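Letters are used for the chains, namely A, B and C, taken in the order the chains are written, and counting of residues starts over at 1 for each.
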């Protein structure tokens, strides 16, 4: 376009420096210093906080968090992509309405909706009451990893659907028609035309779901019954209860690094520069 | 067949999305304070809602901050996304990486970090700090929504416009923005959604009597969430649904004309 | 373009109206959620001609993190005794001028001169309670009276523990006969192992949901605070509460005034206002927690007075321990607890 346009981003870059980078720098400082309640003069730099992480307990927590978040993200993708696609096919007059209806549940407070799920999934909850009514055995739906995954999918699905929807929405129909005319079957059309064109949206969706999923704490706390904590719970405890901000900061930095590495891997796998997410 | 399967699939997804909402609404009529018991049908929580001044204050701040933050983030985010789009790859990637940070960071870390930032600058915590915090975590999502749309732009059209004598600003207004509009709207919706629901970041960046619904709700949890909140949520739902239906009817009528 | 200008002007007006500063004297209160009859706030405003800013927090840890960081201007904070002890030791509180609080004489002597504020200088008790066990009489047989019930394999998968390190470790420590304030590493280690052993029997480590779950018959047994137990028993008459014979925890929530409060005297007046007999009774009616007010206690409704959760025997009270702030030794509990839940 225009070489001058890139300056449009400069005001935001100042904002980022103040409100994103500087606080991040603070966190970084915490992560490399030791807890010292009083004097600023006696700062010692150390990697001790990072070393603390290399404990099987914490590593387990991190692995568990990443796997559950990844699983939830993939499920969101499989459920959400068809939804996004179908939404684009709806006639113009109802499209807007359906989209807003889709996001409307998210305007109800997350804690309330998670409590509602507990009412639905609990042993004396709606589903199990229904099962008992039919004289079927009860299923343990709550306080396990499955409930946490359900909660994550429920809460983050719209974040997957929307970017994909916007990517698919103004897609050039003529491309599909052309492929069809050239003899491609539906699956090939999807694989070679539709999916690649929607890729930027897909990647946005993956980012918008996986990131918060890794660091969320309300969902695992309530739906997981606190039995298998995730890294978000750990960090929250460290900052509030244990008051070990240094270790908490170190853990946050570790998550950051891991996520940046996974983005890099994603990028390498997807050589198409056009969709460049980062790194 | 395809049509029926599609409709069924969408209906199932919507059922999934609205199941907890239905539970919330039903419990707003529960005569018992607890979610574990059904005490009978009552409107009393709706009546109590109107007397509850804390909830009214919280509602006011929640909506005001959500709308304001979403609007400002959408404007700044869209403009910045356009700028980012025009950068060279390396710069772009650097920008994007920093942009992602609020999304990656756990809320508690962002919340406390921002709190420290405001306090060390001697800014008193209150409405403005909460607003600034909300804008900070909203903008990245706006950029994430708008950027893909930008990447799908047909560069030829913009070049053609410029060749025909349009100023960059004109081409921005008349050509680019209309094409990325879905992304802008999506960005706004996501930003609004995030702001309306935020607890941790809001809690640590607010003060002086400024509170929001999420803070109220999380603070209620210890003694049991009062169904007045269910009543409030149901009312909000009804209001938005009503508005949607009205707007939809009007657009349908306009389209038909 | 014009549309945008109008929109922006409207927004600015909206924002500015939101952050207008009041000319009235303002009292800033920071309290647990739903912990006061809000009618009292309105009446206080009218009687004293001031404005009250009332803010709530979910946990004392959230509150502490915010207040410690500075930049907040609360005049009055109501929170748990162990947190008050910590804030006193970190010089975060003002000494209270009790001349402004004549109603202090009605506060039960049992709650004064406690270790967390040994000279009664910084706080005024508000409500109190105990830590105990609530159980469903239809599912649990017999008359349990010990901490052992939480480890009873007959009720595997129906036991609720708290996602709170002090409270859950306390149950284990007390079961083993140790103090719940111990800093003896091997005692804590024993408690930790006991909790790990218990884990397969535990349905969930809940924070606030015990109330709803016990009312719904979702679980058979739960570690719980007396205040919640009273509320649960009020909605589900199959429930019963007891303080284990091995001894338990007694807690007090109290009001305190943070350093550099703008309106210290007004805060003291508020404390006095809220601790009058009439207002205490109204508060009890709303909160249903055990009261510290000697006069008010005499007029409490019978169903509350007869409830062992609301009104435990003196013997049980004598045997109970209060949580002390452990300072740096808290780390021992943290590590132990993290190991239990991450296991």
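A few points about this structure:
One rule holds for everything that comes next: a residue touches a chain if its C-beta (ideal position, glycine included) is under 8 Å from a C-beta of that chain, and two chains touch if they have at least 3 such contacts.
If you're wondering where the values come from, they're calculated on a predicted model, not measured in any experiment.
Put simply, the chain farthest from chain A by mean CA position is C. Of all chain pairs, the one linked by the most C-beta contacts is A-B. In whole angstrom, the spacing between the mean C-alpha positions of chain B and chain C is 33. Inter-chain spacing, taken between the CA centroids of chain A and chain C, is 34 Å. In this assembly, the C-alpha centroid of chain A lies 16 Å from the C-alpha centroid of chain B.
Shared contact sites, meaning residues of chain C that touch two or more other chains, fall at 59, 62, 65, 207, 213, 216-218. Residue numbers of chain A whose C-beta contacts span two or more other chains: 115, 118, 124, 239-240.
Within chain B, residues 35-36, 112, 116, 218, 221 each touch two or more of the remaining chains. Note for the complex: chain A touches chain C at residues 57-58, 60-61, 115, 118, 122-125, 142-143, 221-222, 225-229, 234, 237, 239-244.
Those residues of chain A lying in contact with chain B across their complex are 1-13, 15-16, 18-24, 26-27, 79, 82-83, 86-87, 89, 92-94, 96-97, 99-120, 124, 126, 154, 157-159, 162-163, 165-167, 169-171, 197, 200-201, 203-204, 207-208, 211-212, 214-217, 231-232, 235-236, 239-240, 245, 248-249, 252, 255-256, 259-260, 263, 273-279. Every residue of chain C that touches chain A in the complex is listed here, in rising order: 59, 61-62, 65, 163, 165, 199, 202-207, 209, 213, 216-218, 330-331, 334, 338-339, 341-343. Those residues of chain B lying in contact with chain C across their complex are 32-37, 39, 52-54, 60-61, 64, 67-68, 71, 112, 115-116, 118-119, 122-128, 131, 203-204, 207-211, 215-216, 218-224, 226.
Residues 7, 11, 14-15, 18-19, 26, 28, 32-35, 38, 42, 53-59, 62, 65-66, 69-73, 207-208, 211-218, 227-228, 231-232, 235-236, 287 of chain C are the ones that touch chain B when the two sit in their complex.
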